[in-house]
Each structure stands twice: as C-alpha cells, then as structure tokens.
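Can you keep this structure in mind? I'll have questions shortly.
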Amino acid sequence: MLTVKNIHQYYGGSHILRDVSFTATLGKVTVLLGRNGVGKTTLLKSLMGLVPIKSGSIEFDGHPIQKKTPYERARSGMGFVPQGREIFARLTVEENLRMGLAYKSGGTPIPAELFELFPVLKQMINRRGGDLSGGQQQQLAIARALAPKPKLLILDEPTEGIQPSIIKDIGRVIRMLADRGDMAIVLCEQYYDFAQDLADDYLVMERGEVIARGLGKDMEAHGVRQLVAI
Amino acid sequence: MLLMAGSAHALTADEAKAIASGETEDRVAALNKAVTTADEKTAAFIQAMSDDAVKFTADKVFVMKDDKGYDPVTGAESKVPEDAEDVVNNNMMRGAFDAAQSVLKLVGSKDEKVRLEAANALLKNPDESRIPMVEKALAVETNEGIKAKLELVRAASLLNSADKGKRIAAAGALAQSKSPDTKLLLNERLTEETEADVKAALQRAIAGIDASLVWGDRINAIFSGISLGSVLLLAALGLAITYGLMGVINMAHGELMMIGAYATYVMQGIFQKYMPESMFGFYLVAAIPASFIASALVGAILERGVIRFLYGRPLETLLATWGISLMLQQLVRSFFGAQNVGVENPGWMSGGFTMLSNVTLPWNRICIIIFAGLVLLAMGWLIGKTRLGLFVRGVTQNRPIASCMGVNTARIDTYAFALGSGIAGLAGCALSQIGNVGPDLGQNYIVDSFMVVVMGGVGQLAGTVYAAMGLGILNKFIEGWAGAVLAKIAVLIFIIIFIQKRPQGIFAVKGRSAEA
Amino acid sequence: ADTIKVGVLHSLSGTMAISETALKDMVLMSIDDINKHGGVMGKQLEAVVVDPASNWPLFAEKTKQLLGQDKVAVIFGCWTSVSRKSVLPVLEEMNGLLFYPVQYEGEELSKNVFYTGAAPNQQAIPAVDYLMSKEGGGAKRWVLLGTDYVYPRTTNKILRAYLKSKGVKDSDIDEKYTPFGHSDYQTIVADIKKFSAGGKTAVVSTINGDSNVPFYKELGNAGLKAKDVPVVAFSVGEEELRGVDTKPLVGHLAAWNYFMSIKNPTNAAWIKQWSDYAKEKKIPGQMDKPLTNDPMEATWIGIHMWKQAVEKAKSTDTDKVVAAMAGQTFTAPSGIVSKMDEKNHHLHKSVFIGEIKADGQFNVVWKTPGPVKAKPWSPYIEGNDKKPDYPAGKSM
Amino acid sequence: MTKVALPSKGPLLSGKGWTAFCIALIVVCAAAPMLNLWVPHDSAFYMSDYAVALVGKIMCYAICALAMDLIWGYTGILSLGHGMFFALGGYMMGMYLMRQIGRDGNYKSDLPDFMVFLDWKALPWHWTFSGSFVMTLILIVAVPGLIAFVFGFFAFRSRIKGVYFSIITQAMTFATMLLFFRNETGFGGNNGFTDFKRILGIPIATQSMRMTLFVMTGCTLLGFFLFGKWLIGSKFGRVLQAIRDAESRVMFSGYNPLPYKLTIWVISAIMCGVAGALYVPQVGIINPGEMSPANSIEIAIWAAVGGRATLIGPIIGAFIVNGAKSWLTVVAPEYWLYFLGALFIAVTLFLPDGVVGLVRRWIARMKAPKRNAGELSEGRAEAQRSLAASEGVEPAALHKIAVAAAAGEPEGARA
Amino acid sequence: MTPDLMEEGALRVARHEGIVREGMTESGGRAAGFGRHVTEGEVDVAHGRILYLEDVSVSFDGFKAINKLSLDISPGELRCVIGPNGAGKTTMMDIITGKTRPDSGTVFFGSTINLLRHREAEIAQLGIGRKFQKPTVFEQLTVFENLELALKTNKGVKHSMLFKLDSVQSDRLAEVLETIHLAESVSRMAGNLSHGQKQWLEIGMLLMQDPKLLLLDEPVAGMTDEETARTAELFLRLKGKHSLMVVEHDMSFIKTISEIVTVLCDGSVLAQGTLDEVQSDERVIEVYLGR
C-alpha cells in the first residue's frame, strides 16, 4: 500500500530523517517507535507532505506521491491524526467532522459509527472544538480522520491524554479497522504496551534512522522495549 | 386652454426683452406683470427662459431650439447674430420663473400632481399680487389636498398684507401646516413685524410648528445613524473576511473599495457611451457585479502574488499590504488622474422620500441601507452555511491540517481573499453613490473599517454588525449636539474605553477555544 | 548654465494630489509655452518637479533641496496654507522665491512670496455682499460651514466680523466645522435645513476639496435647493465639481477670480492651449475632459509675470526680481489686465460669482466692476489697521 | 555526571560592535560637522545643509523606529499610536520655540501669532511652562511619559492585547490629532507651529546651531541604542520576549506582566517624545499631521524593513525607507510610490527578518559552505552524529550556533 | 553511559517488575537543592492543608464543567487526580491558578490565602507552579533562558533589569538541566525542541520556580516509558518538601507514584482512595478505566 524508500529530510541545516525506508501493508498495523525527538513526527509529516523531503520516494497505492501536495495525498486516501490534536478550535465538533469529509461530495453524511465509537462527540456535537477537553479533542481528531474512510490511516500518538477506557476502545477500533483488511495503518506511539498489542510490524527509530524493524509478535523477543528506552 | 381668456393678451417683443435682459429686479417685475395676463406664447417663452434657451441682442430676443433662433412673439425662425448673448438667470430669477410657471400650471394642468407641486412652489414664494389668481384656482379646484395647500398659499400671501387682522388670521392658518416652509414664512414676517399682537400670533404659530417638528428631528437623527452604520458595515464586511477570518492585516482594503468605486465609474462611462439614454439608470445594476468582480480579481491576484506567502505572519501582511495600497493608489492616479471622477446617482436614486414635512430620506441612503443588509445576509449565509464557508473557516484556522483533510487550501485561500475583496468592491460601489470617487477614497475608510471589525471582535460577523450600527448611531447622536469634530473624537475615546471593558470586542470568543 | 531651473512643489500623492496635480501640469505647460516663445532672456526654463506628498515638513525639506541643491531661480507651488507656512522660513533664510497660486486667509506677507490667489477681500467678502443683496436672495441668516483648519477658521472669523458690521446678530450665524476628509454630511444638512426655517439663510462653505462631493451629494438628495438655501463655496471650482453630479446643485454658487466659462478671446485661447497640451501629454483625466480653474489661472499668471520681471531685472536674483515684480501686468484669462500690486505682493483681481450649471460649469451672475486690490491684513481683524501694506524687511 | 556548561552572558557590545559604534560616534560628532562647516562648498566632500537636515531628520525617525522595536519587536505589542508621542514631544519643544520668537512675529506681540489672531489675551494654562527651557526639557519627557503611563496602565490592566491594543492606540493618536486640529485646543490648529527663530536666544537658522542639533540628535540616537542594548540584554529584556512568546507562562512563572509592559511602553513613548523634540527645530514645523494614523504605521514599517527584534535593524530601516523616499520623490516624483510600495512587498516576501536578517544570512552563507561541504563529503550519518555528540549539541543546534556566531550578535538580541 | 543513566535503567526495570522500593525517593543528595524554603510569605499550613477547595462550581455557556467540587491536599502530599476526558481536571487547575474565575465556592491556599482574590502572577509568587496540558515554553528563547526566567527570585522590574546569576543559582540551573536531560540543548531555541523535550523543559521551569505546590497536567503525555519512569522518580523525590497534584491518564505511572488518588467525574469527586481502592470501584471502571 505505502512504500517509503530512502527518504532524507532536513530542518534548516540539520539532518532529521536519514535514509528511512519501510512499507505499510493493507490490513496491517505498522507501529513506529522511538524516543522523544528522534523524528517520528517528522517522518509522518513527510508522508502527508506537510514537510518536504529532500530525496527518496514515497509510493502510495502504486503511484509515486512524493511530489504531491498534502490535499492530493489526502484525496488519494490518506488520513492523518496529527500529534497535538490540531482540531479546528473555532469550528464546532460537527464542522470539524465535516472538514474531515472535505473531499467527499457535498451531501456525504457523517458516518454514524463514529458516534458509536466516540459517544461523547455526539453529545458535544455543537460545541466548539477548542472548548473540548484534551482527551475529547483527541477523540475528535481520530474521528475526523476516519470520517472519509481512508485507505491509509496515519496516527501520531493517538493515546496521548486519553482516558484508559477510551484507549482500549481506540485500540479495538484500530484492530478492527486493520482486520477488515481494507486499510493500512501507520501508528506512532510512546505507550509501549499499547503499541505492542497492536503491532503487526514495527519500526524503531533513533536519531532519524530506522535502527530496528520486524514483526509485531517478535517485539518482546527483539528487546524493542529496551531499544526505545536507551 | 387658458384661464383668464378675457384678460389675456399676447406677449409683446418689449415684454420679452424686459424679461430677458436688464437688472434682475426689473426682469422679475416684468415677468410678474406678464404672467397676470399670460397667453400660450408667454408660457412658452417663460419655459424657454427657465431652460436657459434664450439669447438676446441689444434689440431682439431669440428663443433657441436646435441651434436655431425663433422670434418669441411671432414664432418665426430668425437668424441669430454672432454677438447675441445667452440669458443669465440667477437664483432670484429662477425662483420667479418657477413661481410664474406654477401660477400657469395651477390652472393650466389637468394633472393633480403638477397642480400640487405648483401649489407647493407658490407656498415658498408667496406674493400678495397673486391672491386673485389663487382664489380663482381655489374656485375651480376639486382636489381637497390641493385646496388645502392653496388655502395655505393664500394665507402665506396675506402674511405680508397691510391689514393687521389679515396677518393674524394668516398666522393662525399657517400654524396648521406643520412644515419648515411655513415656519420660514412666519419667521421672515416676524423679523419685520412691528405690531405686538401680530408678533404674538406669529410666535405662537412658530412654537406650535416647532413642537411638531421635534419628531421629525428625532427620525432624522436615527436614520442618519443607521445610514452611517450601514456605510461602516459595508466598509467593514470585506475586512471581516480578509482580516477577521484570514488574519491578513489588510491595509489595502480601502484600495479594494476604491477599485470597486472606479469599476462603477467605468460602468457608468460604458452606459453613457454605448447604451441608450433611457438605460442609463441601470448602470448601477450592472456596476454591482462589475465592482465585485473587479475587486475580487485584484484581490485574487494579490493573494496569489503576495499574501499567500505570508500566512501565519500577520504583521508582515501589514507591511506588504501597505505597500500594495500605495501602489494601487498611484496606479489609479496614473490611469484616471489624481482628480476625483464623477459618479452620478441614477435617476431612481436621486432625491429623497419625504416622510414628514421636515424629514426627507434620501433614496441613495435608503438603497445603501438595504444593500448593506443584503450583502450581510449573503455573506452570512455563504460563510456560515455553505461548504465553501466551512472550508474558508477551517483553512484560515489551520492551514496544514485542512490540507491533510483534502482541502485545496491554496484555492480556498484565494477564494476567500477574493470574496473579501469583492465585498470591499461592493462597498466601493455603494460609496460611489454618496461620496468621492478618487484615488484616496480608501484612505478615508481604512481606519474606520478596522475599528469596526476589531470592536466587534475579530472573526465575529455579528459583532461587526453591532459595532457598525452602534458606532454609526452613537456618532450621529453626539454630532447632533457637539458637532462633527467633537463627535468623532468622542467616538474614538468611546472605543478606547469600550475595549477596556471588553478587551476582545463586543462578541468575544470566550473560553479556551479563543486561545487555540 | 544655459537653462534656468524652476522648482515645482506640488503634492502628486497623498490627500492634496487631487487638487495639486493639475497645478503641476499647468506649471509645466506654462514653461513649455515660454520655452516655445524663446525662453527667458534667451535661456530655456527647466522644471525640477518634486513630490512633497501632502506632508508638510516634507515641503520645507524639498524647498531646501530645490534652493540649495538644485539652485532653482523660483518655486511655483503649495496649496494649503500650512504647506506655505512650512516653507516660509526656508524661503526667507535662503532668500528664495515662491509663487503661491491659491486663495487663502491672508494674515501674512513675506517678501519672498508672491500671492497670486485671492485674499479674503477678493473672494469671501464680495460673495457675502452678493448674497445679502436683494438679487442674491437677501440672506438674513448665515451658516458658516468649513473644514476644521486655518483657512476656513480665519475666513469665517473675518466674515463673522464683517456680518456683524452689517447688523447680523450672533444668533443668526451658525459656525460649523467638520474634520478633514469628513464624508457624512447628513446631520449637517439636516441642521442647515432646520436653521433655515428661521429666516432666509445662505451657507458659506469653506469645506476643503475632498469633503465637497459628499456634502453636495447630500445637499442634492436632501432636497435643499439653491433657490431656498444658496450655498456659496470658496474652494469649489470646476475641478472639484468633476466628481459631482451637478444637476441637483444648479444655482449653488462659488466665488472666484476666474471661471472657465468666462467668455473672452484670451480665455478661449488659454483653454484650447490647455486641452491641446493635456491631450499631447496624455494627462490622465484631463485629456478626456480638460478643465481649467482659478488656481491654474493664478499659476499661469504668476509664471508669466515672473518671466516678465526677470527680463526687466535682467537677472534671476531674488531681490532684483522682487523689485521688478512691482506693478507687472499681464492679460489674464479672466479677461482683465491683472496687475501685481506695487507693494503688497498680491495681485489685483476681479471677483466673479458664478452659479453652478448642470454641466459642471459656472454661470457668472455677478462681478466686480473692476479689479480689487488685495488686503492681506483684513481690516476686520483687530490690530491689523496698523500693519504696513508691504512685507517686513522690504525696502520701500 | 557531565558538568553542564552554561552559556555566559555576552558583553554589551562585541569588540567589532564597539568599533562600529565608535566610528558612528565619530562620524556624527566630528566628521559631519567638519564636512559641513569647514569643507568648501564646491568640494565633492561638502555635506550640504540640505544633507545635514535630511540626515538629522532621519536620525529622529530612527529613534522612533528603535522605540517601536522595543515595544513591538521585543515585547510583541504593536503600537499604532507612536506618532502621537513623537508629536507630543515635538509640541512641547514647539511651544518653547514659539515663545522664543518673542515680539518678532507678525503681530509684534508677546503672545504667539495664532493666539493674537484668535483674540486671546493671555497664554492658556497649558503654556505656563513654555517660557522655560528647563521646564520644556522636563515636559518633553514627562508629557509623553505620563500619557503613555496612564493609557498603558489601563490598557494593560484590562489585558488588552494584539490588534485590540493596536487599534486603540490608533484611536488614541487619531483622536488627539483631531483635538489638535481644533484652534480652541491652543496648539495652533492645523498650521501648528512654525517660523521658529531661536533656541536659548541663539538663532536657529545658523549653520552652527544646525550642526549642534545634528550632533545632539546623533548622540541621542547612539545613546538610546546602547541603552536599548543594555535593556534587552538584561533579564528584563528576556522577560519582555517571554511575554511576547507566551504571556500566560510568564504569569504562571510568577511575573506580573503589567509593570513590565508598562515600563517598556513608557520608555518607548519617552524615546519618541525626545525624537519629536529634536525633530521640530530641525525641520522647522510641527503640526497635527504628525499624529495621523498613517505616520504611526510608517514607524512600524521602518522597524520591519530593517529587521524586528534587532536593535540595529530599525535604525537601518529608518534610513533606507526615508532615504529612498527623499531620493525617489525627486528623481521619480510620479512613480516613487511604485518603488516604495514594491520595496515594502519585496522586504516582506524576500527578507522576512528585514535587511538585517538578509545580511546575517549572507554572512552565514559565506561561512557555512565549508561546514555543509564537510557534512556532505563525509556522507555517512554516523559520522555526523558523532560530530554532534562531541560538540555536545544536537546536529540541529550546530547550524544555529554557527549562524548566531557569524552574525556577531550577543546573547538576547536574536530575531 | 553515565552512572546516572544506569541508575535510571535499573529503576525502569524495577518498575516493570512491579517493584518500586520506598527508599528510592531519597536516593542521591540532589533533592537537597529543592528544599530551601523562604520564610517570608510563608503559607500557613497549620491546619494540615495546603490546598483547599470547597463547593466550587463553574459553568461555560450553561455547561457545568465543575460541579460543587470539594477537595483538599496536605502539605508534602503527592496527589494523583484521574478522571475521564472532560471531567474538569484542567478546569480545576485553571481555577486554582487564577486563570478561570469560579461561579461559586472557595479556594484557599493554606488556611489564610484566598486564591480567588489573587491574579495569576501573584498566585505563582505565592508558590503555586503549574505545568500545562499542552507544553508551553518560551519558544523564542533558549532552554537556558527559559530556565533562568523561571528561577525563583524577586520578579519585579527593577530587579530584573539589574539581575545577574550568582553561583548558587548557576549551580541550581545546571542541576535542573541535568535533571531534565536538556544539558546538551542549553543554547537551543525552545521552539525547536520536540514535543517530549518541551514537556521536560516545562517541568524544569517548574523546578526552577521552586513552588510549594506543583500542579502537573499530564506531565508524561508523549514521553517514552523510560522517561516516564524518570519523571516518576523525580516526583517522588519532590514530594514531602513540596506538595504535588498530578493529573494523568497513564495508569502505570500513577501506580508508580500514587498514595491517594482522586477520581473526578462530571466536575466533582467520584471516588477517592488508594489506587487499588479506586481501581476496583465499579463506577470508576465504568466511566474511566474500562473493562
């Protein structure tokens, strides 16, 4: 589904991503791990086209997309849950969800299942996004990305600030989405246990490089936890 | 058809000459004399005189028609010598002509409206010598309204009568008409009156009129406040998008208004040149889309060329748009000249609607109030209820994330800026109907526009409306008793104090979403 | 040098550009004209145009530059009084020469300035006289309406004193001011209407150029007709009316020393010269609809008189030119032979009162029998009777 | 445990900085007077009176730009009313100068001409101190300072921020302008004050007096520059920048932002007032036009063109913009607005950190290629990382430090 | 690898084995630096409470975010507050720090200081420090300058104009830099730090401020497990000398540090007790922990 080959990225003069390559497959959850500041967010942003890459290629659904703008990537079926929520603070919850449906045709309804997943959103449907609590905002951000039913879902630390029961729910949702088999998921996560539970594949980053990768079930065996900790 | 057939006699050459040339007073006297015995020729001659279509030489008078001279007495065409001079009518002369024509119309016209107008005109220019004519007209008049007016005319004419009793009666009669015109007549008499009891009667009458004019003054004040408010609103609405929503400190907003006004001017020129005269009144209808498109286009170019590089750096937009505004002003100077250009009100927007005797609401202002309301509704709908509006709001809040949602942010930005600019253009179109159209039109509104948008609360359409109307009415209220300069100062101070109380404007976004 | 440099100090940008740009073009045309006729003392004139941008301190700075760097022989420029006041000290210090072409409030006389516009007694007072006359409507009550700055304030002060001397009571005078660029005249017009119900009223308007359009539009639409309440303006000429639909304004008045509609051969020739020039130079606005007005005429007179004076003095030296200016005469487009006063640096001018016509031109309804001598120190201001009628420091 | 190397605070000016400063001082105090007073007029080196006046005027503007930068560039408060403080300082000086005219006016009266003309018989109360030079000097500081204090106190106490603050400052200067236009206010109405004759009894229109004013202006500018440097370099300056970045964090760190904002606001206003006072005798006129909103916006523009949040930037900006204006209004009187407008647009598009930012980038680029080349030739990420580690910084920081060092700016004076 | 880090590693391992030894908080002499109390403006804690909220309510446009909330904290306590998203935890901190005015209720710091009478800066100076849910640091200042500004000193204008770091303060600063693992980044702009680094910096600023009461809103959000452990260790060290109120959703973190846990729901206290107690509370499981 998504193939990333040898990408490099810089902020100003500093080399942030070094020769990163990986693939994400339909029906699988690819988990990205790494300490603070190693470049996980930067990598995900490069996938979305929010930061330009210097070299390398990104292929999605068989097409090279590294030259495409973020909205073109979104339209080709990539959904993104950014770190720090980044909901539209002054739009209502409903409007936020409608923004998520931006590239669908005008009358597309907000999928009802979103409200089953996140009942609080239904409750606060007319409240301004910015007035929600941190966790509510995170839920909104996930729902917003799911609304158009993307083929690839990129999540940057989706559990940050979320109450345990909902983390469990989110885990279940991610699993379910992956198991349906029509969505590839790239998940960046600090919460190790959560990550391990979900991972079909994993990648560990360190200073902008992928230093380890493998199957999710081997994580424990490969000592990934230690790797992330150093 | 003539009323005084018996006494009518034909216009003579001498009379014509006396009316056309000489000292104004003598001409007026000659005219008044001629009118009492007017025939059709006299009427036609008076009409020509008031149309300035008369020339004269030392011994002859010519009525001009299509560059040919005709003898006013015989009607025969006659050659106009080179040295023939145009008649010159000053205000006094024109007043006399109007009165003369009114007298003729009063009895000569079948149209009630014409007769009413004639009666009104006579009321402004009463003369005791016309009483017989007025009475004759009264005798045959059937319309009650006109009759009442004529009674007033008679009373007014008697106000300067030598008979004290008649004067007192006249004052009483005039007091019934609560209009500034009659008040003026009473006041004028009052300055000359010597008899104490007549004076008292006059003063009573004036006081009575004054009392009933108070309401008119109030309506005037409120209307002018609303009107000023609607102008401020129009000026601010476009800015509410480009600045309020998009965060561009758009110092060129005024110039975008100016472009709209010039587009209106150009449209007027096109109608004058290529359209039949009868269509001229519709130029403004065509100018509305034209001004919108012109400003929107300029706005779109600005957004593509400059603004889009500056999102997220609002203060930089101040600098760049300031530069743009300088250039646009000079551009207009280079194309249209530094002078103002003339934009006329179409016929249907000229003049006013007389609501009370002392309240005339100008049509152009009424139209602008309605127009502002329509623009506001359309904009509110577009921004609040449509997908485009949703995208605009989303994109302006968080560009990168909106693009991750699949929104073509660059395009939406351009649309949004063009929309704001187009609305500025509409404001310019409206302003061309009440004020200057010149290169610095925009400079006069930019400060006010920002004050309105900011006072309303940035990004708050409803706030903008409240602020515009509030400031408009407040300004006019204060101007009524403190004068325009102090009113303006007071309003500015009010804004300063008001912001102390509400540091985020009238409609502040409350809570945490304001900080995000 | 084989050219004589002439400074042109008119705002080409900012608020005053509306009025002053035409004067710049008029100076250039006059120079063109003089050069075509052999220049001055056989030398060609060379214009040095600068843009003081409606910024008063910049006027002083540019004057310094014109006199000090460019060494111009004379400057034609300024419109507002404050700009003139700003350059005055520089002129006096550097002994430069300025021709000021706009009607103004008086109360000033400098040996370095020639005032070719009207002093109040050459414009305001005759206008009021006319309105008081039976012919002018016999006004008894007065609204003195102006933009809030020195020219209107001074003029109104003089007029108030004058009206009082004619027996008008204070209660019959209403003085009103609006800020610069004021554009909403609803309240003012309503007030005028109200005031005018108290007796035959005339309005004397010293509203500054830019605010006139909204004022007149309001006036027209509110149905205040010239026959009822005539408005006489001192700052509204052909150029200002360019931006107005004049049909509802027919009959309102203006007082000037020149109108474009004045019929005489000199004027006809001058207007033609101007339209040809405007077309040739493609002056925006003017090439489609060339207009002349009073300050343009004053500019034209000034520059020609200066030429004559230089030729008489055989030098461009300020003192010599100043001396030679005294008593210069020139056939003005207004139809008189205009004379520079022997002493007081002001022109003798005829005063015309015109009524606005539907085509934006003026119908001259009254004029003085002959040229009037300027009284820069108005006798209606206390203390002025002792003032000498010549600039201080000038040997007389 | 590694010992943490804390960055030490730089000196007020770097070595090079002091050299440049001294050169500026010499130019202002010695070179300019010499070129103006003692070089023959026809020499190529002669500095004309016009040039002296022009540079003097621009130096006054530069002080305003500097003041604007303190409040806007460093504290993040955009004032659109600084023209008012400038004009107030100017008016204080102007009143004194008007009194110094004495009986040399048109009306030969002790009162200024415009008062005679308005039939005023005595000086109004607010002219009480205008006769005294010392009082005038005090008022030049006190009036703008006091008004700024009162205005700022209420505005900051109400937590008015961002554009809301900008707009009320604009309202403030606009209202004051209208007030001063009125003749009744007693400041000469629209004409303001002009036709000054002398200061302290010494004629103004002499070369030596002009030169004195010029030198004073130059020294004031340099003095304010040093003062600004010191202020911004102190912790006070950093609190200001912190307020700009995250005011709530500042509050939760225990600082009350009010006195900080108020202090810098008043300082900034006083600087403008002083600039105005120096400006008036040099240009010879003060009138309410100086308080028009556009003038205040221009001050902000000078700062932005030069480079905000650097102290040298606003000074450079004032010189570039006003120099360009003076030059272009003469060489291209009908087109200069195009050039000036284009300049503003170009600066924002291509020089986001103003001219100073551009110069810094140049310098950085001159020094950087070696480093970049090194990085590229090494090629392997590993080596780069070890380099970074040995330097004790993140790779990202390497670049930053190089840039800062190259620009030679001491701590606390970054854009 | 520094011994320091090795120690951390050991702690991490220990934590995952579920063994958190009591004595750990006393480890090392570094805590001493944080214990310097200034007597002037001392908070009166004689009644055994450093923070006391009673019947506090606040609503936004009719929505009751805090509903008759009562809660108190003793001196030296480390209180954990958990609760569903939107329970009102952040709002409660807003009220304590003066950012939001409650509609009703009382909030006391010690037994004498009515916090509702004070503004944000005063409250901070009284000794309440706060870490925001979303990390807020001075982005345009360096890490060093961020910490220097937070330093506990006289925060008046005159004082800061003349301020110079003395050697004690420098040492403190260096120490905190070490603690927050940003020693290598002293001269970097705070804005260029990654999310997690900003979290640390903000904690560092709190340490510099040396408050009596620390309010920490989701301090470990976005941190790796290892850093979470370090944070836990830090908090345990701080407690006793300082009072802490920690809001978190990371239950393993809570488990590491908690004594008493308060569960907030719908704006008021739902349950309170040890972690085990509240974890087994059906209502808490229902609304918060999930099954």
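Letters are used for the chains, namely A, B, C, D and E, taken in the order the chains are written, and counting of residues starts over at 1 for each.
We take it that contacts are C-beta pairs under 8 Å (C-beta built on N, C-alpha and C of every residue); 3 or more make two chains touch, one makes a residue touch a chain.
Everything quoted here is computed from the prediction, not taken from an experiment.
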Pair of chains ranked first by number of touching C-beta pairs: B-C
Chain nearest the overall C-alpha centroid of the shown protein atoms: D
For chain B paired with chain E, centre-to-centre distance based on mean C-alpha positions, whole Å: 67
Chain C and chain D, separation of their C-alpha mean positions in angstrom: 39
Centre distance in Å when chain C and chain E are each reduced to the mean of their C-alpha atoms: 75
Between chain A and chain B, centroid-to-centroid distance (C-alpha), Å: 61
Chain C residues counted as touching two or more neighbouring chains: 12-13, 148, 177, 179
Where chain A touches two or more other chains, by residue: 11, 37, 131
Residues within chain B bordering two or more other chains: 329-330, 334, 443, 485, 488, 511, 515
Chain E to chain A touching residues, read off their complex: 9, 12, 60, 63, 82-87, 89-90, 133-134, 192-197, 199-200, 218, 221-227, 249-251, 287-291
For the chain B and chain A complex, residues of the former touching the latter: 387, 390-391, 393-394, 397-398, 400-409, 459, 509, 511-516
In the complex with chain C, residue positions of chain D that touch it: 48-50, 53-54, 57, 106-107, 116-119, 178, 181-183, 189-192, 194-196, 205, 283-285, 287, 289-290, 325-326, 329-330, 333-334, 336-337
Residues of chain B that touch chain D when the two form their complex: 249, 251, 306, 309-310, 313, 315-320, 322-327, 329-331, 334, 443, 447, 450-451, 454-455, 458, 485, 488-489, 492-493, 495-496, 499-501, 503-505, 515
Residues on chain D engaged by chain E in the complex (per definition of touch): 1-7, 231, 234-236, 238-239, 241-242, 244-246, 248-257, 259-260, 263, 392-394, 396-397, 400-401, 412, 414
